[in-house]
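Shared between the two complexes below is chain A, which pairs with chain B and chain C, respectively.
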Partner chain A sequence: MRRAVITGVGVVSPFGVGTSTFWRALREGRNAVRPIRSFDVTTFQTKIAAEVPIVHANRSWIEGHLTGDDSDLPFDRVLTDAEVSGALRDRKAAFTLLAGAEAWRAAGCGEAERNAPLVIALGLEQALLEDFSPVLRNGAVDWTDEPTLSLPRVRFRSAVDLPAQLLRALFGLKGSVIVNSSACAAGTLAVAQAAALIERGRTDVVLCGGADSMVNPLGIGGMTRLGAPSPRNQSDACRPFDTRRDGLVIGEGAAMFVLEEEERARKRNAPRLGIVAGWGSTQDAYRVTAPRPDGAAARAAMVRAIDKARISRDAIGYVNAHGTGTPLNDPAEAKAIRDTFGPHADHLPVSSIKGAIGHLMAAAGAIEIAASLLAFEADFLPGTTNHRQLDSECPIEVVGESGRSARVDWLLSNSFGFGGQNASIVLGRPQ
Partner chain B sequence: MVGASAVTPRGVDWRGIVGALSAAKGSLLEVPQAALDSDPAPPRLYAMASPAARFAVLAMKLALDDAGWSTDREQIGLFLGVGASGGSMTELNNMLSESMEGGHFSLARFGKQGLAACNPLFAFQLMNNFTLCHGAILAGLGGPNGAFFSRGAGTFEALGAAIDSIETGECDRALAGGADSGRHPVTLAELQRERVLDPQSGASEGAALIALIAENEQPSVFVNAWAVAPDANDEELLGECMTEAQRDAIDFIVLAPWGGGARATLERWACTVAPHARILDISLTLGDSLAASPAMAWTVALDALASEGAHRALVLGAGNDGAIGVALFSRRVAS
Partner chain C sequence: MTIAITGYAWRTPLGNTIDGAIRRLLAGERALQRNTRFPIGGYACKVAAMINDDPAPSSYQRFLRRMGLYAREAALQAYTAAAPTVAENRLGLFFGYGGLRAHWNDLMPGLAEQRSDFSSSWERGFKRFHPFWMLQNLSNNAHAIVAKELHARGDGLTFGGANAGAQALVGAIRSLKAGACDVACVAAYDTLLEPETLVEMAARGVVATDVEAPAAYSLEASGFVPGEAAAALVLERAENAAGQMLARIEARDTADGSADAPSVTTLESLLLGFTQPEDVIDGAARCDRAFDQRELAVLGSYLPGAALISTLGAMGQVGAAASLLQAIALTELLRRGVLSPVAALTKECASAVRPILKAEPTTARSAIGLSVGPPGLAGAVRLQLP
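Up next is the complex of A and B:
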């Protein structure tokens, strides 16, 4: 049976650029939540986020993170085009390029991988509100007299698939481009679909992952209007599974992977970081504004993922939870975990990294898969930053702030999206 | 396939659509309000849903009714091609108006007065996955699912994901389709600025779905093959699907091209694969509704098979990014 293995990882996280930077920070139990710097939040209710530590994610910032190994990639041409079109006005474009390049490099990809499809989870367009001023007349947007040819292509908002277009140009990819737009479940679904393409024999290599940034005025403001973020503008604002939890923190970044058919990876001695063994998705079909409190659909996603991996539930040694730190998500997820694993849940370590890096929305599932790989790379389970007092409504074994050393062979990562889209994925230790 | 739905500028009935489109002159671009009023959504939905989501809600209800799927809906899969965000312009105008200071956008005013001027649920209008979620919630669809951003060809990925989901046993029933509005003012402005609007068709809107079940359930129409290629001229990527298409005679071809360039490419493919087949270009009568167009084309193919005497129908769609999607349907047993 064909299986997909992860042979390359690239990460741009609120801790900075690079997978090693990300993993080191998680191992040290650091927290990346801090006051927003990329725009002036003086009048905004929400003033904190887990930002990638750069004010302007521009060309020089990208070029400052390139290595000699990137010299065979046409960064100069792609970045020139991106500047002309205005593409770099959307922060996630820069994150995607750097994460993609790292994954490509780490997997040792080159000409032989150019036919790979790209399966990527991307969040919403970035609204460029300042562009609307010249066309706002008498209280309404009116494009009638707007000049066209002199304006940059990226105007008013960036295209949803803009980062995918840049990646395709950077690597000269010839395969299909699939953009998953399933909100917070998208990152996990993208990796799952990439693995499915390999399992079903449609391709041997896929570039996949997710990127998002809602750290912009409408992103932060819109989420605040929904009441999703914690009202406390402090670095410990996101407290997954804790009695004091009161909301999420918005994060940003990207995580990209090269997935490869296992035997192909073995033959070319590519790094094998984890097996993508199973996945499942469901829909809560409950409410727009809340998850199903009984966790039944989330549980069904987990069960499907484990069954697909053809392992017993007791074989799962760690759960990377969605764990948003919101009042409603955490108890529903905890109930789903308990109902999935039964007595095994008494000793099954569960953690959420959102206390440290916030909620990366469409990229959340992807970066949490990258975090979970630490379990195989370093026999280390990331901790749950800001978790101090377990809520009795969340009766699971939550890994504390400092993380835990443990050897596990199978793990599960959950991603549950706004609107009720649930996704779970099972990763295995490479043999 | 065991059912379908189409919410188009020409109404909400997919049966007889081949005849209606064949007789039509010129393209209609907007879904008539009367069509939406035929099955009103809950009032609360209108505060939270984009136009595309409202089309999708109606299309899901109609497709489920058409397939007779009234029970066990928590197991039904749902895979949808979706477009860009589509928030209310009234909300946007209110927000921007309150954010102006001295004729310029003021971030400081936006942070307080601008945000306060908009509906708290505005974000739900913007999130394009809600094009899928609103309908799933209202219809109780709890199976595997995915929303795929589509400029046209991406909707074929939704079809592929639905087929994979059935073939691998994740679910035994699924809806696949697309919903979008090219009529949203921001989208329309982008298309005009990029000069990709086709004067022969025009940007339109709508939603369409097909209801899929496993082959062993003996459906009346089969999906024999599907493929997506990022370049419409990439014969290698389309090769397998086209080989399958040429295995037996195709007597009906539905084209859903974005723009004149794509139309010429699709017509070339059509002539190569089945030079004697009847061809219907739906963009000339339904406009181009981006993520929704391919799904509308599938329902046209279904009607051709169900009521026009066609045996094998090919759908060729191309988005404004140059990608092409192909799907082959037949009334015979799938090979």
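Up next is the complex of A and C:
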């Protein structure tokens, strides 16, 4: 039976650029939530985020993080085009390029992988506010001069698949480009879709993952009006499964993976970081703005993923939770975990990294899969930053702030999106 | 395993009912009018293929804007038509959308008093955004609403981009074949009739500029008519569809790295993925003379003598909704035993395929629809009568 293994990973996180930076910070129990620097938040209610530590994610920042021999990838051409078109004004575009390049190189990809499909989870197009200025007159958008404005720099918004376009150009990819827009479940679903393509024999290699940034005026403003972020502008604002939780913290970044058919990876001695063994998706069909409190659909996603992996529920040794730190998500997810695992849940370690890196929205599932690989790479389960007092409505075994050393062979990662799109994925230790 | 279509509905520039739009398609009509969506005076592209009826009043107007409401209507109508018997946790939902709609009216309370540098932007306006503004602009908001209304608790995916409809079809078919769901509702929606989209397309020289726009596949073709549409299909495994089966469907998607439309080699690879040649093809109708001629050459070599029709030439280019529109139009035309003409095309082309110039009867049982979009994306559907 064909299986997909992860042979390369690349991360741009609120801790900085690179997978090793990300993993080291998680192992050290660091927290990346801090005051927003990339735009003026003086008058905003929400003044904090888990922001990638750069004010302008532009060409020079990207070039500053390129390492080694870069002649194998046409960064110069792609960045020149991106600069001319204004593409890099969308922060997630820059994150995608660096994370994608790291994954591609880590997997040792080259000419033989050019036909790989790209399956990527992306969030909302970024509205480019500075482009509104020329058409704002007397309290209204005046389109009269709009057609004469200097394209292509004037965009108003980035295309939904902009980061995918850049990656495709960077690697010369010739395969399908699939953009998953399933909100906060998108990252996990993109990796699952990629694994399905390999398992069904459609391809041997897929580049996949997710990228997002809502750390911009409209993103932060819109989420604040919705009431999703914690009202406290402190670094410990996001407190998953804690009695004191009162909302999420917005994060940004990207995580990209190379998925490969297991035997192909073995034959070329590629690194094998984890097996993508099972996945499941369901929908709440409940409310637009709240998860099902009984966690039934979330439970169904977990059960499907475990069944697809053909393992027993007791074989799961760790759950990387969606764990947003919001009043409604955490008890629903805890109930779903308990209902899924029964007595096994009493001793099943569960953690959420959103206290440390915030909620990366469309990219959340992808970066949480990258975090989960620590369990195989270092026999270490990431901690739940800011979790100090377990809420009795969340009766699960939450890993504390400092993480935990443990050897597990199978783990499960959850992502539950707006509107009730649920996704769970099972990863296995490579043999 | 064969997948069957058991219900569908659409909202198109040629009408919102199946019968009404097909009748106009058969009459050779083309949805082509001056764009009245917003003041169009200074724009290079002044034409549009518009849905002229507003969405029906709905309590979901709090969460959805125009195209999302059309998609909701189409999905519910298609589901009602199919009337499948399925457990809630076996009903999958697959959506494709073209991109964020800016909804300028929604943004105005937040933008009207901003400074040019957007300093103090919260106090100057963002605090006046509707609390649901973010939800109204989310990529999967229509998906979420329809899931709730249909009680769809099975597999669910939302795709984005110009090929999202074809990808949603591919995803749904794979899910059905893998047994992950028993019934799949697939919906797609898109509009190219947004100010910045029109400006960008005009700058690239890909859109028609006035109401004299030449027809697709004519030697004078000089740009497509930008349009908008929403469509939905209900799919089931054929063995479960019984008498409800309207047609069998296959779908494929690909990309080749081109900046705009994909190469014709890519179209050829899509065609080769289908095992049987067809007698009828619904072309991509890019209305770019060079592309159209290359497309005709590929079609001629793969499907010599096939009849060429053009749903998108009549309804305009509709981005992510294209593959679903083609699937519905082809199913209806095959079932009625009649082929629609390529709208506004008056002369034969020098090609081994045969463009239909006037509606004509057919005994064909199957057909392929092709669609293309930037960047380098292509989709294809194959329909076969049961």
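By our rule, the second predicted complex is superposed on the first by the 419 of 431 C-alpha atoms of A that agree within 3 Å, B and C clash if a C-alpha of one lies under 4 Å from a C-alpha of the other, contacts with A are read in each partner's own complex, and residues count from 1 in each chain.
Quick note on the criterion: contacts are C-beta pairs under 8 Å (C-beta built on N, C-alpha and C of every residue); 3 or more make two chains touch, one makes a residue touch a chain.
As the structure is a prediction and not an experimental result, all values here were calculated from the model.
A.B. asks: Taking chain A as the common reference, can chain B and chain C both be placed on it without clashing, or not? Answer clash or fit.
C.D. replies: Aligned on chain A, chain B and chain C clash with each other.
A.B. asks: Touching A:L122 in the superposition: chain B (first), chain C (second), both, neither?
C.D. replies: The answer is both, since A:L122 touches chain B and chain C.
A.B. asks: Which of the two partners, first being chain B and second being chain C, lies in contact with A:A169: first, second, both, or neither?
C.D. replies: second
A.B. asks: Looking at A:F44 after the superposition, I want to know if it touches chain B, chain C, both of them or none. Which is it: first, second, both, neither?
C.D. replies: In the superposition, A:F44 contacts both chain B and chain C.
A.B. asks: Using the touch definition from the top, say if A:R407 reaches chain B (first), chain C (second), both or neither.
C.D. replies: Neither partner.
A.B. asks: Regarding the shared-chain residue A:R30, is it in contact with chain B (first), chain C (second), both, or neither?
C.D. replies: neither
A.B. asks: One more residue to check, A:H56. First (chain B), second (chain C), both or neither?
C.D. replies: neither
A.B. asks: Determine, under the contact definition given at the top, whether A:A196 touches first (chain B), second (chain C), both, or neither.
C.D. replies: both
A.B. asks: Quick check on my understanding: which residues of chain A belong to both its chain B contact set and its chain C contact set?
C.D. replies: 39-45, 122, 124-125, 129-130, 132-133, 136, 139-141, 143, 146, 148, 151, 155-157, 159-161, 165, 168, 174-183, 186, 189, 193, 196, 200, 217, 221-223, 225-227, 281-288, 297, 300, 304, 417-421.
A.B. asks: Tell me, which parts of chain A touch chain C in their complex?
C.D. replies: Those residues of chain A that touch chain C are 39-45, 122-125, 127, 129-130, 132-133, 136, 139-141, 143-149, 151-152, 154-157, 159-161, 164-165, 168-169, 172-183, 186, 189, 193, 196, 200, 217-218, 221-223, 225-227, 281-289, 297, 300, 304, 417-421.
A.B. asks: Over in the complex, which chain A residues touch chain B? Could you list them?
C.D. replies: The contact residues of chain A facing chain B are 39-45, 122, 124-125, 129-130, 132-133, 136, 139-141, 143, 146, 148, 151, 153, 155-157, 159-161, 165, 168, 174-183, 186, 189, 193, 196, 200, 217, 221-227, 280-288, 297, 300, 304, 417-421.
A.B. asks: Give every residue of chain B touching chain A within the complex, in rising order.
C.D. replies: 48, 73-74, 78, 82, 84-85, 89, 92-93, 96-97, 99-100, 103-105, 107-112, 114-115, 118, 120-124, 126-130, 132-134, 136-137, 139-149, 151, 154, 157, 161, 164, 168, 170, 185-186, 189-190, 192-195, 228-231, 234, 237, 321, 323
A.B. asks: Which residues, counting only chain C, touch chain A once they are in their complex?
C.D. replies: Residues in contact with chain A: 38-39, 41-44, 63, 88-89, 93, 97-100, 102, 104, 107-108, 110-114, 116-124, 126-127, 129-135, 137-141, 143-145, 147-148, 150-164, 167, 171, 174, 178, 180, 195-196, 199-200, 202-203, 253-257, 375-377.
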